[in-house]
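Chains here go by letter, A, B, C and D, matching the order in which they are written, and residues are numbered from 1 within each.
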């Protein structure tokens, strides 16, 4: 397999240091006491990323497993769950809640904007009898970041447990789990932390643990059951054999993030420069506001086909970009600027290629994308 | 972390080639068409290991996920499920079936012997109204291998779908999925195939697919739902982002197994020599018959404590061995001879250390373990 | 050791693929017949780089070893040797010739220009009683490339054996060993081929071999004696144990070069853009003509100190650039754009940093270096 | 290239940790001040291996370069040099001395025994007008270790500078450079220290430096000239660009040796057990006394051909063993037990294969080699 430059909204390029860690010799993670400490230390580092004292767990599965585990463990049949929905991922969250028996109520907000917090507040003033609310920090398909700061504090005011999918937010967008009263925050290894895909992690507040551990009915599943993790460290026993090489790699990836000078500022600067250059060139962003700093979504220019742009980027420039799915299928192009890909030389290369591909596809551009980009930095 | 020699029944040592594959640069597994073919090719290689034309899937999770996914996808509330039980793992299988609504009936067989097939046949002649039966190929905690050859053909005769946990069997014990009419066979990456822990895989017969796809009720979960994989290749769409580095490593590990001259014979020869040397020294195996060729379980000699043997092996010789759990906790020592650890020099080193540790713990041995071992090869 | 971006005129960054090859398990290079073929194949690939059918040897030592070996093996006490000298390296070549007994005659040419071929021709018309002539393809300290095409053909016309140091030329500047009648061409692993430092190689024409093998006096040394290599392949015997890991890495590096679309054009485009941007900014190149495409040398701007620029590049930007030595010490800055470092994103990053450092050191620049650079591509 | 197990007297297997160090990203070793300290620290570690406070240098070349550099730098035309000769390497040392102008006098000693120190003493009582003496610590072709302890102290008594080739001794045989008054001790990276081939190193006493720096005539060569290294650290200037990746690997290899519990005892125990088992089987060692602990040389049994044993070991068992050259060509088999290959499991595997190959070649053996071997441990 020839390896392209993957400027997609995750997985991202993985730094060689991280890949070297992946390839270290292993011990038996069930029997070697050192590994329990290593795993715990990895969780502690994630606490620093998430700014939280809450428990953090790393599960052996893709991001969707974290999301499902949160729903499965928290929600009991009959629970009223508020699904805050301003995009494909936000909406889909409701399906997982319903799968575990929730009565789901949707708060809908414009799909091209960040969640309207004032409207949400008004909505909650009217109806707040929810045990749990689900929301998405960064709507990866549309490139919109929601104000989890305001929303989670609002939910907290009403005593509602917040479950936040921040898979493509963590590491690229500010997050203050404890200060913002976020109950469950979920992430994946392969986005802004730039580890390989395969791990998901979540922080769990005391309030969330209380609900999980005081259910009337058992949790419907083992692999999605968070309660089996409750005392793993005290007991030195994992619910299943841990993917030790993946943990090695993830540990190094988190260390890289933590030792980086200011990764959040970097994402902000690069994200803004990318957007401004695209706009200046005359292209249209899909979001009208609430722009994500980790992924930029632009509408496919008229008379252009996504497939042509995608293929030309790959074949002529060896760069992978993404489209989207659902109602956005074939309508948008997405460029990831996450983690290891969020550097100016990477974007320079990607935007120069995109400039070239657009022109070949007869898209009129007011400026050269890559030059506009570097002039905004 | 100092890395010991891990002579445990999985995870095993991982060959450097496999670890190098883990550390290769990645592409985006959701968007790069080459990866779909690579994943498929990996599954094809597993078909060769399992001797089957059935579909094979690799899931992003530990072995227990494969087991749960099989139960969750196959079993509907009310299904009568036969749990063939001659050990801790066999018995626990019933819990998973019950979790997904099964009415579980246990066929119990002596925990120190392979499943009594004649007794099972008699049992089934009497009562065979089961949709599904669960069984374990190799009971890892006790070191017993069951005759899946006879049992699965028997179950098939009665139209019962067999679900076989062969996590510690595949790659070390003979398996003929199609010939022996095994409906679902599950494995893990970290046992006799000597890849890192983190992946589980299963082969699924037409009969099993039919039941999965013609349920009355939906499957209670997403991550454990096998039906969402049905047309992944035709649609070039995975249910979630695949753990591409793990798949790289697993691919290489399977290739190594396939290009090995006769790995099954190697496991047989090493397993037999290990058992014979331990017996000749005067030690007692836990199993009375049905000895596994991938893990050997011996009873802790009188006046000896597991913890002392374990610690001394680790501290004085830097070798990790295993005990067991459940009713075997502190009663047995387990030595894995799986995959990359199933070579005479590895066993020589481990048995020499064990000989030394036993003597220091005042265990009388009739022969020197390592010398007895090499004389049996 | 923290690793900086090394934008120096060699060693260059080494691609991960090359470093992975370095780390492969080895065989015994003296006894394993496969290695003789591997080494030979590596030489054949170098023949393709050098465009020659002449023998190519790889020696276990730095570039200077190749140069010394050529002098030691070719030159006999009393030989009249012409030293073509338009720079520090060209001049130093004469010292090596003299060390091995030559009566050295210098042809001096302006140190800020390529060798004046017309003047050389006139010189030779007058006096051409030389057995050997030494010259440098690319004067690394000053950043000047000489026309080996014209010079070697001229020398050949007079029957003079040419010995060309192309250490920093090969792989970055055009070279046509056979067509241009170059007798001995020497290179090093760590320049435009971007392998680790530690190997030198040379191509040897029939005419050169004849002189080496028909000396009156023995060669004064073993490690520098090329004649001991004469039939290494036929005899399957190396003069000493070969540095097999280095050869593994070098092999991969050469393969990368050969499979690159047009590395010479890449060096030309990047080299030109770098020079033009520096000039447009108001800086002064050291060379007046004969600009190298692999290294650019600029005069230190007035009121600026090399050490300040060097330190600031390293400390504030983690980029290593070079100064020079001899009469150029503290007078110039050198930026390498060789091999793996000869890509626009690398130069973009380096020139942006340099722009910043110059401004901090009160150097007035007419344009922004990095922006000027990308506008020239 | 398929990689065999290389049980040859160097190069040896290289530990994965060492190979990983080889593959690290580099800095510019000429310009990065950290590298000067790293190189120096590597030399300091070698001082600990050699038990010396003398300067240690690492040169970019094979072992033979160290030997030649010592001769070239020390010896002036007309110097009387004593060549202590009890083997092929000892004898050849004289050729290097002569190449640099020495009048060489040979002290011959039985080629199947260690140097006769009493005879040497008597010889020196008679004639001791030598500036320099050359000797070999471990005669790799014959597997004989000389008493450098006695010889160097004896030479010192007569004021003669000793130059000791300990390429296959260092790391496997005791060495006390300062206590035993060894003036120059030379080694190679690829023997008992188990780094890749490509580096040589030497320790240089004050007495040796004095001679080198106070010559009447210049040293005839640059690459072999030790005097150019005199103040490399103070000046932060290497005579040529250092092979940084090789130094990385060597550093790790030396660290492994230093952190090993008792590598010299390990070589002694393994060496003795190997010899005893071969003798017990009825085979004949080439040496009559002075057995090396790093390589064992046995005479080819009657009616057997070296080529057959060599080929069968390689083809049937994937193990490389060595023969020898010169007068030993086709007469002996050599098995290395050096560095990473000096472990009982390695010898067990090699001797089991050799047992099998000998029997297939109709060599009568009194015992099974591998079983005899482990019974001697």
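The working rule: a residue touches a chain if its C-beta (ideal position, glycine included) is under 8 Å from a C-beta of that chain, and two chains touch if they have at least 3 such contacts.
None of the values given here were measured: they were computed from a predicted structure.
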Hey, which chain ends up farthest from subunit A, C-alpha centres compared?
D
Interface numbering overlap (same over half, different under half) for subunit A and subunit B:
same
Whole-Å separation of chain centres (CA-atom averages), subunit A against subunit B:
34
Rounded Å distance, subunit A centre to subunit D centre (Cα mean)
57
Which whole number of Å gives the spacing of the CA centres of subunit B and subunit D?
48
Specify, in ascending order, the residues of subunit C that touch 2 or more different other chains.
16, 20, 25
Contact residues on subunit B for subunit D in the complex?
16, 344-346, 348-349, 370-371, 374-375
For subunit C, which residues are in contact with subunit D within the complex?
1-4, 6, 8, 10-11, 13-14, 19-20, 22-32, 34-35, 38, 60-65, 68, 72, 96, 99, 188, 190, 196-198, 220-224, 239-246, 249, 320, 322
